[in-house]
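Both complexes shown next keep chain A, but they swap its partner, so chain B is in the first and chain C is in the second.
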Partner chain A sequence: MKKVVRKSLSMLLAGVVCFGGLTACSPSSKGASGTEAKGQEASKEGQVEITFATSWVGVSSSKEWFHNRLEAFNKEYGSEIKVNVEEIAGDQAYVDKMKVLYSSDALPDVIAAGGYNLIDTMQDKFVDLTPYIDEEWKNSIDEKCWEVNSRDGKIYGAPISKQVIGYFYNKDLFKKAGIEKPASTWEEFFQNCDKLKAAGITPLSMDTADSGWVTSLMLGAIVGQTEEGEKFMNTSLPKDYNQEYFVNAVSDIQKMFNEYTSTDAIGGAYENAAGNFFTEQTAIIANGPWMVGDFYDTDKVEEGFADKIGVAAFPGDVMYDAGKIGFNVAAKTEEKRKAAATFVKFMTNEDSQKANVEITGEIPCLKKEVDSKVYPLVQETIHLANTAKRHINDFQSLWFANVVDEVSVEYPLLAQNKITAEEFAKKLTEAAQKNQ
Partner chain B sequence: MPNYQRILLLRTIKIILLAVFTLISIAPLAWILLSSFKTNREIMLSAFSLPSSFDFKGYRVALEVSPILRFYGNSLIIATASTILNLLFVSMTAYVFARFEFKGRALMALMISSSLLIPSSALLMPIYRIMVSIHLFDTIIGLILVHTALGLPTSFFVIRSYFQSIPKELEEAAYIDGCGYMKTFFVIVLPLAKSGLSTVAVLQFLMSWNEFMFALVLTKSEKVRTLPLALNYFTTQFSFNYTALFAALTMVILPSIIIYIILQEQVTQSMVTGAIKG
Partner chain C sequence: MQSRNKKWMIILFSLPTMILFMMLYLVPMLIVFITSFFEWKSGGVFHPVGLKNYFLGFTADPRMIQSIFNTVIWTILQGIFHVFIGTVLALILAKRFRGWKIFRTIFMIPNVISSAALAVIFLNVFNAKYGLVNSFLSSILGKPITKNWFFDPNSAFLTVTSMWLLYSGMIVIIVLAGLFSIPEDIYEAAKIDGASDFVMDISIRLPLIRPVLGTAVIIAATSMLREFELIFLTTNGGPGDLTLNLPLYLYKTSLKESNYGYANMMGVVLIITGVLCVFFINKIFKMNETDM
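Take a look at the complex of A and B:
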C-alpha cells in the first residue's frame, strides 16, 4: 500500500515536472499582462530601445492605467522608440532591486518607484531632465510638484500626480456613536474617539509595518497643525526630530496605539488597517483617494459601503497636498536619454494624468483642472486640499530612506510603551544623522 | 500504579503529543487551503472562519493576475536541476574530504563550511556582476548555477558526516573485488548514502524552490522567473487580493509537500545516523 502511494506521488511529481517544463519552454507563452511579449519583439531599424522597470503589475491599482498608456505610447511613438518593460512585482522588491542595480551601475533607463524617494540616494546616476523639459511641459505642471523632484535647481523626476491625502471615516459608525461631524481640532478628534469607543467601536485603523503608512500619516498631520510643524512637514530630509511639536505628536500616536486602535495594529501593515476599515471594524483610516476604488469592490466590502464613507481634512484643517516623486531617468547615452524623456513626457501628459485619476484616483499635478469622471469622494478630497489651511508633504517623500525604515522598527516599541515619545524622536534623529 | 495502567497512560500521552504536533504542522496548511476558497471580505472579517462556499475564483484570479504557470515551470526546472547538480558535485567533494588525507584538507573544509556564515545579501552584487559578465544574467542556467552554489555548504556539511558513518571496509572489499575508484563511489558508496543524499536533496530543493532575492535580481523577464516572485503579484503597498494570494500559495507549497512525503523515510533515517555519528 505504502509503495503504491509513494509510486503514485512520484508519478504525480514527474508529471508536474514535465508539465512545468513544457509550460516554461513553450515559445508561445505570453506574460500575464502581455507586456513582455511586446517588449520582446525585435527592434526595427532606427528604433531607439529603452528599458523601463515597473511595479505596476498584478493587483496594483496602476496596472490598467499603465497598459492603457503604454499602448497609446506605442501607437504614437512605436516606430521610433521601443520600450522594454521589466515587471517587478511588489513595491519593496522593486526598491530593493533598484538598490542592487544602482550599486552595479546598471539602472534601467526609466524608473518609477511609486512615490519612493530614490533621488537622494541615486542622484549621481539620475539624469538632470532640465534640458529636456520645454516651456509648455514646465508650465503645465504645478510648481510644487517640480520642487519635490528637484535638487539644487536640477530636475531629477517628472511628476505624474500629487500626494493629496485626508482621512476617511464611516458615517454610519459616527452616527451610532453620536458624532455629528468630523473633528476640527485634535482635542475634539480624541473626544470623538472616546465616543466611538464608548459605543463599542474601535476608532482608528493603524499599522506599524512597511513604515507604518497609515499611522505615519496621522503623525505627520498632528505635527503639521502648527506653523512650525507645517514647515517641518515640508522640509526635505530633516535631520533633527527632537522638536517639541514632533515629540508631542508622537505622544498622541502612542495614545492612539494604547487606547484607540485594534490589536493587530502592532506588526500589521496597510492591508490589516484597510481590512479593518473595509469590514467596518474601525471607523477612521488616513489614506489617499487611490483607496476609493476599493470602496466599490464587493469582494472586499459590503454592497453600498461607499455610500457610508466620508472624507475629511485632518484637525486644524491640515491636508497632505504636495508633489510626489515621479519618473526618473537613468539612461546613459544621449540618444536613450532623449527617447526616455519622450516616454516620460508622454506618460505624464494631460491625457495620461486624466486617465490616472479616473482609473486609480491619483490626483493630477497639472496647473489647470482636468475634466474627468471620478468618484465623488475623490472630487471631495481635491476640494478639501484646495481649501485647506495647512498643506503638508508626506514622510516617504521627504525623510531619509533609513529614517522611514527606522519608523517601522520603533512603532511597535512605542505602541508597547517600551520607549517614550522622546526616545522615538531621538532614534529617528540618530538614523537621519547617519546620512551625510 | 499497575503496569497496564502505566502503559495506557504513556500511550495516551504519546497520542496526545502526536495529535498536538500533527495539528501544529497541518493547521497552517489547512488554513491556507481553506482561505483560498474565502472571499477577501470573509478573510478580513475572520481569519479562522470556514468559507461560505467552495468556489475556485481565487485560483482563476491567481492564474489571470500573475504568470504563475510559467513561473511554476521555471521553478521546477531550476529546483530539480540545481538539486541534481548539487548532489553530484557535493557528494564527490564530500567523499574526498571524508575519506582521504591531504594537505590543506581542514582549511578547505573550514572555508566551505564558513561560507554558511556569509549573508546572502552580501553576495548579491558580486554575483550579479559575475552573471552579467559571463552572459548568464536572465537565464535559467545562471539561476541553476547560483542555486547549486548557494546550497553547497549545507549539503557538504550533511553529506560529509554521512560518508564518515559508512564503514571503510565496504570500500576496501570492493577494491579487492576489482572495483575501480569511480565504480566504488557510484556503485557502492552512493547507494549506501541514500538517506544522506535524500536529506540534502530535500534541503536543496526547498532552498531553491523558496529562494527569492537572487531570482529577483538575476532575472528580468518572465521566461526565467520563479514562483516566489509570483506571490508578490497579489499584494502591493495599497492593493491586495488575499483570496488569490492563498490560492497561489496552495499551488506553490504543493510540490514541497509531495517531495517531502516521498523522501521522508530517508530523511528521518539520515537524521538519526547523523545524530549518532556526528
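Take a look at the complex of A and C:
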C-alpha cells in the first residue's frame, strides 16, 4: 500500500514539475516579454487592451511626467482602453529589448524609444499612422517634427518633443579667465579654452563611453558650421564620413581631448562629464535643456549654481534644433491600432507637451508657443534655437546604431593619438556600410 | 518486472528536464545553427546564403578574427593561470591552518558580487583621475600618475584580464572539495615513508584530484566563452577592438547592426569552440579514467 502511495505521489510530482515548466514558458504568462507588466485590474468587457513598453521608470527624468499623463489618460479613456505598461529600465536596455522583440515579431503595441531611431530598423513592423492623424493633429505639430518621423510620405511616429541643444557655460569661471562672452567662431572658442586653461580651469567636459554623447554633440556642432556640414548633420543614416568637413571636425575634437578636457574624459560616461561641470571643475558642457533641472538640484550642485550658468549657441550660430522620433505603433489588429493611436494622440497633445516641458525640460514640438512655466535657461535655449543661423539634428537620431557604438570605441584611440582623424572617419564609414 | 518499472520511473523523472532542455536549449540551438546559413537582417531580409556568413567571418572580417583571438587567449589564460592560482590556494588552505575558513570565504567574495557592481568597482579602481591604482602609484613614486588603465591601448587588455584572472574563489572551493575527499590513510602511509608536505602535494594530492582539476579547468575556460558583462560595462570592447571578445561582438552584430544571421554564425562558432574546449580538456585530464 505504502509503495502505491509513494508511486502515485512521485508521478503526481513529476506531472506538476512538467506542467509547471510548460506553463512558465507559455506566452500567456504575465510579462510575456520578460519585462514587468504593470496592468491595472483585469480588462472590462468592451475595453481594448494595448501594451506600452517604456523606459520612463526608476530614475528616468520622464517618470513623473509619464505617470501624470497616464493617470489623466485613464481618467478620460479608462473605460474604453486599458494600457498595460511594461517597464524596462534604461534607454539602451529598452532599445536592445525592442530589437529582440522585433526579431521575434513580438513588439508591444506602442513604443517610445526616447529619441532613438527605430523606424529605419523596424519600419516593416511599424504602423503607418497617416490614416489616424486628423487635420487638427497634423496642423498642430511643427512640420520638421513630422518629417523626422516620416518615411516615403508615411508617418511612423507621433512626435512629442523637439531636440534643442546648445552648450552651457559657467559664467563665474569665464569671468575668472577674463572671457566676456561665449565665442561666435570656433577659432574664438579655442582662444577662450586657452584663457580658461591659463587660469587653471579645465575648459571642457567630455566623454567617450556609451555614445560619447557630450563629445559627439561638440563634433556635430563643428561639422554643422558650414552649409554642406549642416546638410550632412541633417542627413538620415549617412554612409560616408570621409568628408573634409567631417575629418576637420574630428581633428578639432582630437585637439579638445589632448588639450582642453579632464583626465577622466577618456572612458568616462556622461555622468563623469556632468559631474565635472556640476562641481565647477570644467567650464563648458554641451547638452540639452533637460539638464537645467539638475542645476537647481542641491543633491547634485551647490546652492545658487544655476545662477552661474549661461547657455549659448555653438560657434557659427549653430543649434541642434530638429524633430525627435516620437511614439511608434506596432499593434497588429485594427482595433488595437485605433486604441494605440488614441493613446499616442493623448500623450502628445498640447497638455502633455506642456507638462513635458515643465517637468522634464523637453521642448514642445507644437507650432504655437506654449504658455508654460519653465526655467529661464530653457526659455533662452528655445530663443537661441529660434534665432540660430544653422539648425542641425543629433547623431544619435540620425546615424546607424553601430556607427554610434563605433564612435565610443574609437574615441579613446583618437584621444590618445593612436589613430588620425582620417582613420576615425574611415572606421565610421566602414561601420555604416555594414548596414543595408 | 521491477527493473522495467524502474526504467519507466527514470524516464518519467527525466522528462521535465528533457522537455525544458529541448525547449530552452536544443530548439534555440537548432534555430541558431540553421539561421547561421541565412542572410537575416531587419527589414524582413531572410534568405539562404549557404556558407557565406562563415566565409565572410573568417576571411573578410578582421574584427571577428580579433574577437576570436582575444577569446582564445582569455580562455587559455583562465584555464591555466586562474586554475593554477586557485589550486595553489586550495593546497595551502587544505592544511587547515587556524582561520583557513575565513580565507576561503574571502576568496569567494568576488564570485558573489554581481558583474555590474564589480564592473563599477573596477572602473573606479582603475580610473585615471581618482582611481585607487593611480593614487597608490602616485604616493609611491612621488609624482602624479594619470594612466588610463582601461583605455590606454598598451594596458587595456591586461587591465580587463585582471578583472577575473586573479579571483579564483570558485576553483578554490572545487579543488578543496576534491582534496578533502582523499582518504586520510594515504597521507599517513606517505608520512611513514618520510614524504614531505610538498612531495605529498605534488605526488599524491594533485594526481588524485586530476578529474576535479579537469572539471575546474572546464569551468574556468568555458566561463571565458560566456564572458560579456564585465567587458561590456567597462571598455565595451574598446579601445578600438582591443578587448572585444566573441560574445560581445555577437551582441553588437545582433543588436547594433541587426544582422542576425551573421550573429548566429558567431553563436555556432562559440558553441563549436566550447565543445572542442571541453573535449580536449577531457582528453588532457583523462577525465573518464579514475585512479581512486
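Here is the rule we use: the second predicted complex is superposed on the first by the 397 of 436 C-alpha atoms of A that agree within 3 Å, B and C clash if a C-alpha of one lies under 4 Å from a C-alpha of the other, contacts with A are read in each partner's own complex, and residues count from 1 in each chain.
Convention: a contact is a pair of C-beta atoms (placed from the backbone, for glycine too) under 8 Å apart; a residue touches a chain by one contact, two chains touch by 3 or more.
In this text the structure is predicted, and so the values were computed from the model without any measurement.
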- Query: Is A:Ile88 touching the first partner chain B, the second partner chain C, both, or neither of them?
  - Reply: first
- Note on the structure: In this superposition, the partner of chain A with more touched residues, chain B or chain C, is B
- Message: Between chain B and chain C, whom does A:Asp142 touch in the aligned arrangement: first, second, both, or neither?
- Response: neither
- Task: Pick one for A:Lys418: touches chain B only (first), chain C only (second), both, or neither.
- Result: second
- Just chain B (first), just chain C (second), both, or neither: which does A:Asp128 touch? neither
- Message: Is A:Val100 touching anything from chain B or chain C once the two structures are fitted on A? First, second, both or neither.
- Response: both
- Does chain B (first) or chain C (second) touch A:Glu358, or do both, or does neither? neither
- In chain A, both chain B and chain C touch residues 10, 17, 21-22, 25, 96, 100, 103
- Query: For chain B, which residues are in contact with chain A within the complex?
  - Reply: 39-41, 43-45, 64-67, 69-70, 72-77, 80, 124-125, 128-129, 132, 140, 213, 216-217, 220-223, 229-230, 232-244, 255, 258-259, 261-262
- The chain A residues in contact with chain B across the complex are 6, 9-10, 12-13, 16-17, 19-25, 29, 31-32, 36, 40, 55, 57-61, 86-91, 93, 96-97, 100, 103-104, 106, 114, 210, 213, 270-271, 274-276, 278-279, 287, 290-291, 294, 298-302
- Task: Going by the contact rule at the top, pick out the chain C residues touching chain A in the complex.
- Result: 9, 12-13, 15-16, 19-20, 23-24, 41-45, 123, 127-130, 146, 148, 150-153, 235-241, 252, 254-260
- Complex interface listing, chain A residues touching chain C: 10-11, 14, 17-18, 21-22, 25, 96, 99-100, 102-103, 121-124, 208-209, 262-264, 266-267, 400-402, 404-405, 408-410, 412-413, 416, 418-419, 434-436
